[in-house]
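First chain A sits with chain B, and in the next complex the same chain sits with chain C.
On to the complex of A and B.
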């Protein structure tokens, strides 16, 4: 079990967490704007219920407060890597289906993808801070499955964006939890211990 | 009694009869003579039918029914006239029934059994398409063919008004042959055994909304269906934002009918089938226009290396991405074909084609197609008459004396096939602008020069130049940048 951090590591972690919280907050507002555009451009019903998106761990988690800091980071990392792959696929599908006509939606999607990639890198930085190398990405993506129909693609896109908005909320809470100084010592505990 | 004779091939006929007595009987003795062939032919049979030749005029047949012990207990003689013989073609057999789900088309193949009949007879084939569990007749068509004394495989296509996945489609066929020289009675054959194209609702795990992601022309009537699993129910089916009344096709398949579909948004119009478990299934319909014939097609060369064709697309198709309207430029003489990269969002369309060695005239066909239709436009071009040079570059001015100057400029391109006409614009201070025309042989990626005289000494001038083809003028190039020069003092 790692002992308490050195002051510089704790400072570095708090800085990364603070910037991460800001990044994920901006991402969430962009995702919500994008959701409105997406629903409108895809002719969907905003209240449509969508099945869970295959390959993305749900943002909702039981016994959230009992998670260690490392668990939080690893789950966040897995989720945002999945979102990065799914958003890239959505972007490709947009180009194929709409071409130039979908340029505006494409740009908005690309912007969110960029933020997801940045936040993924951010999470990896936090893990490296704890001299813990982020898990490799080989074989991470969802198993290949038959191509989705266009309507299924539209619904999946809606599901991805909704889940991403939920994850942004959760990530902010996780990072706030990580940034908290442990009681008494005034410095943030090692990730393994922080509940 | 009730002797009836039926022939399927005009050569042999099968005669059947009833026995009125209720007594149990054994074998039957048959004797017949056809007045065309005097000898009597006799034989025994256990059945109440017999196959004998079709007479040219008539046949006399004696039927003796024997008891179980073999003693005759009833004898009757029949005169069978050819005009009483019934000709019924052999029941047709469906050779293949092939669905094309992408076009909702069924292809039916069957043999006409023509080898049995003389050449040239007219044959009529009645084909019925049935649907739903109730086997509702959807359509009945009569197809005509001529027999050729050979067995010919006939083929017929039918396009359904709804996707074939929606519910099972059944097909049966029967035939009537107009044997003009046969004096007997004629009738339709029996119906063939039924052929079936199973719908998704016949597949226990089948489900979905159909047609899947298809493209139709504006104004089309489209039938959509939702096939659901056994334990589900459909609550609503909508097209775009509007719910439609549902038509039941089977216990697991319901349809809606959209009439006169209007153009869809860029991402298509969603057809959504809501189920009682809260889930949704759906498909997307793209409604657009077939491509318009390209207007104002024009081709020119800026440099005798490439040919640039432009045109106006006409009415937008309303289709985007991989369903967009695609253009290709085909040159008939060389057989070369180029596909054009076109941005569907901007109005002007442009396509490049390489200038081919030793080819001055180009016979272009601009092909245009999208999933709804295709069209084309053609244009014959003599390249030397369609030169639109690039802007002259690197204009330099040098003064040889106080009243004359020397201009030099460069034009990107190979103009060895033509003479160039260049126009030099001279302006200075308040005086009026003057134009000086000069023509010269075209060069290959070369510079061009001109000398201007009769200028005023110690005067500041602005010069610019543009060029075009000297013979067969088409378009001026753009003006070069302005170059300033002050003549030396006298």
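On to the complex of A and C.
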């Protein structure tokens, strides 16, 4: 179990967490706007319930408050890497489906993809701060799956964006947990032990 | 033996095993019932109302043996109950509370089921108040909706209501606590307001609250508002000098849910300069100096305005 941080590491982490919270807050509001555009553009029903989409990491978590800092970071990193691939795929599909007519939606998707990529890098940096090299990405891409119908693709996209919005919410809370000073020492605990 | 009947119903009571043509006496809460309500030995109550609830007894004519006794409860079947679920201690859990829109006048039993996805969750009932129970979040950040069904049953009927909601939609903190407003010395247009997170909010660090402050002078109806995304204090800088203000604060999770109710109102009046007593002081100083010219008022006494001093 790593001992408590050096002050500089704690300061650095706090700074990274604070900036990460802002980034993920902006991302969440953009994703929520994107959801509205996507639903309208794709002719979907906003209240449609979408079953768990294969390959999309669910934000739902049990005993969230008992997770260690490292668990939080690793789960976040795996999720945003997956979203990066999923959004890139959606962008591709969307261009094929809507072409020029869907340019605005495409730009919005690309903007969110950019933020997801930036946040992914941010998480990797946080992990490196703990002298933990981020897990490699080989084989992380979405599993090959049978071609989906157009409607299934659209529903899937809805599921991806909804889950991403939830992840953005969770990530902000995770980062706030990480940024918490550990009791007594005033400096953030080592990642392994931060609740 | 308890008997339930709907308001407005026609009720027929037989005198136990007595024949239709047997001579009997019926009482309601010990008072004989007029023969006009009898059909043979049967008691007929038309279009019953709430006042006719009570104990009904039938006695055999000659021997006064008690042949039949029942307690009649007149009431109504339950209407669709009103159900409300809310999380004021996110992310620990949420509670649901309910009531009936109109009384039924007879005992009702409530059953609540909480389903999250495919999982049934336990709703721990409060001893007091009886119509409330608590559910602990087993999962956070879920896109799966919660479905809460409340069923109410009584002897005359049954009804239910269902709520479906997202985890985040029902998050509504309690109002901020310990709201204090104070004048700022030497600042006639400022008021310093401070408050605390509601004590029911478990983790303000990871689930920060933002606040909404509203204030107005008592003499005006129009509120002024300011939203504050962090911190639990604010200085009002545009208060009308000398006017008493009423101030309230509300809270909301930074990212999700809805605003709390307004806090308890507090009152405060901005700092004002001490009033100068121009008249009476000036006269006292004048008469004292004429008779006892050697005794001068100590500097600490309220010094009159130089212009107002006469003959000094």
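Note that in this section the second predicted complex is superposed on the first by the 195 of 195 C-alpha atoms of A that agree within 3 Å, B and C clash if a C-alpha of one lies under 4 Å from a C-alpha of the other, contacts with A are read in each partner's own complex, and residues count from 1 in each chain.
Going forward, a contact is a pair of C-beta atoms (placed from the backbone, for glycine too) under 8 Å apart; a residue touches a chain by one contact, two chains touch by 3 or more.
Everything numeric here is computed off the predicted structure, so don't read it as measured data.
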item	value
Joint occupancy of chain A by chain B and chain C, clash or fit	fit
Chain B versus chain C as contact partner of A:169, first or second or both or neither	second
After the two structures are overlaid on chain A, angle v-u-w for chain B, chain A, chain C in degrees (C-alpha centres, nearest 10)	110
Which of chain B and chain C A:180 touches, first, second, both or neither	second
First, second, both or neither for A:49, with chain B first and chain C second	both
Chain B and chain C, minimum CA distance [Å, superposed model]	12
Intersection of chain A interface sets (partners chain B, chain C)	49
Complex contact set, residues of chain A against chain C	25, 28, 49, 58-62, 64-65, 162-163, 166-167, 169-170, 172-173, 176-177, 180
Parts of chain C lying in touch with chain A, wherever the complex brings them together	91, 138-145, 168, 203, 205-208, 255-256
Residue ranges of chain A touching chain B (in the complex, touch as defined)	41-45, 48-49, 51, 95-103, 149-151, 154-155
Chain B residues within the chain A interface of the complex	208-209, 212-213, 240, 265-272, 278-284, 320-322, 324, 343-345
